[in-house]
Amino acid sequence: MGEVFTAPIPVRFAETDLMGIVHHSAYVVWFEMGRIAWMGEVGVPYTEVSQLGFHFAVTGVQASYRASATFGDVVVVGTEPTLLRSRQICFSYNIYNASSKTLLVTGSSEHVCVDVQRRTAKIPHLVLERFRRGVEKLQSR
Amino acid sequence: MGEVFTAPIPVRFAETDLMGIVHHSAYVVWFEMGRIAWMGEVGVPYTEVSQLGFHFAVTGVQASYRASATFGDVVVVGTEPTLLRSRQICFSYNIYNASSKTLLVTGSSEHVCVDVQRRTAKIPHLVLERFRRGVEKLQSR
Amino acid sequence: MGEVFTAPIPVRFAETDLMGIVHHSAYVVWFEMGRIAWMGEVGVPYTEVSQLGFHFAVTGVQASYRASATFGDVVVVGTEPTLLRSRQICFSYNIYNASSKTLLVTGSSEHVCVDVQRRTAKIPHLVLERFRRGVEKLQSR
Amino acid sequence: MGEVFTAPIPVRFAETDLMGIVHHSAYVVWFEMGRIAWMGEVGVPYTEVSQLGFHFAVTGVQASYRASATFGDVVVVGTEPTLLRSRQICFSYNIYNASSKTLLVTGSSEHVCVDVQRRTAKIPHLVLERFRRGVEKLQSR
């Protein structure tokens, strides 16, 4: 419904391990690419957030692995926010094989807004507003 | 109680990100170092498992971030198994700052035993037995 | 002249370090993406090479850093082979900022063909021929 | 002669690739651990340099791969400075298998001192002096 997709991500050779498949930690990095794509889509590039002096520090991450990606595959990350509060934002993710559309990994992450001293802070008003409008716009697609 | 600790892990410069702290995906790699240390401690080096033609594929991972590690810090991972079945093993992790003993990150992971074709398989009997004896020995410390 | 370009590569947050810029090891991974794009362009996807039981083991890599990429940037890797022998292939790389076209990093890598036992081997005839035809075709563009 | 060694570095599972050996980019990260160990040994922990507002930006890196490390191996990095100027420092590296003492990879890196704006800067006097005394002390061992 409100899922935003990244550009296709070709699996990197460096992301594989000796099992011959993508190392499980790579998907956590792909989640990050997913939420950054989401922020771009709703009009708040993450670079703007950090230029304002804020970051969305990760307070939790969870991944469930159903099928593996391997070198030669291209994946795509679908991202949706699941919670949006004055200081907190949460996302859920679906990582698909871009050609077969197989769902490979699902996951979620939780974030708090922090300032340059890395203290919990309110999400800047402008950012929060755009997030809210983004959620509405995406859900009504 | 039954926690096994890794050798101290100095934070690598390459593990930091532009927030100035360790990137959250690094802890997932450290969890892996934790369970490998645990396997070594109970007498089943992971290299033996893979030489037998088996792997413990990651089916799930979860991390909760309480405090951050940064460059210059040394961390240590404490690992404990939470479930041991014929085809499955689960672990919980605590990552501490090695000097202040502050608990930085807690987490868990779930694994199924797979063979060289990456099909779910029974954990080899010898390995399972040593895991069981390891759990008992560690809990009675 | 004979340079083959990767698809645009958005810098990943995870690729930055506490200096606020991309960690220098990331470019080495991007070089790899460059030569894989080159192989795809000349009709020898790397997955085919590995399915035949061969790999191009890295025997040397060199990088010169002129300007830095940072989060929010998109880069592109230009790759050209510099040597092609029966058992060896070498590449040179230019990494550009995709929007400003600034040259960020130049580099090179050397590879020997190895078999599944990781012993030096001749590049399979079919692969070598396609590489040769690829070089010719690209140089005559 | 003047080589400073890191603590033993156990190869991480995540550092391997589908060739079954350590990915070549991992050694570049290990070089970094080598020069940081060297700085610590001569009394200038890198954290001090960065707290003073300076960094040693990498301007070049080179690696030659002779033998591979794999999961289960422990490696150690030997580091020596090869040039020390008012704004520049260069290092050479030898990476060994810690148990067999086999030389796996040799390499070098070049750095310029930069300030917080990432402009080339003089190495702070105190740091330079300790580097010089460190070189002398290590060479006279």
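Some points to look at:
Residue numbering begins at 1 within each chain, and the chains themselves are lettered A, B, C and D in the order written.
By definition in this document, a contact is a pair of C-beta atoms (placed from the backbone, for glycine too) under 8 Å apart; a residue touches a chain by one contact, two chains touch by 3 or more.
Bear in mind that the values here come from a model prediction, so they are computed numbers and not experimental data.
Comparing each option in B-C, A-C or A-B with C-D by residue number, the pair that reproduces over half of the contacts is A-B.
Between A-B and A-D, more C-beta contact pairs join the chains of A-B.
Computed centre separation for the pair chain A/chain D is 34 angstrom, with centres defined by C-alpha atoms.
If each chain is reduced to the centroid of its CA atoms, chain B and chain D end up 28 Å from each other. In this assembly, the C-alpha centroid of chain A lies 25 Å from the C-alpha centroid of chain B.
In chain D, the positions touching at least two other chains are 13-14, 18, 20-21, 25, 29, 32, 50, 71.
Looking at the complex, you find that chain C touches chain A at residues 7, 10, 12-14, 29, 32-33, 36, 45-47, 50, 71-72. Those residues of chain C whose C-beta lies close enough to touch chain B in the complex are 13-14, 16-18, 20-21, 23, 25, 70-71. Touching chain B in their complex are the following residues of chain A: 18-21, 24-25, 28-29, 32, 50, 55, 57-65, 68, 118.
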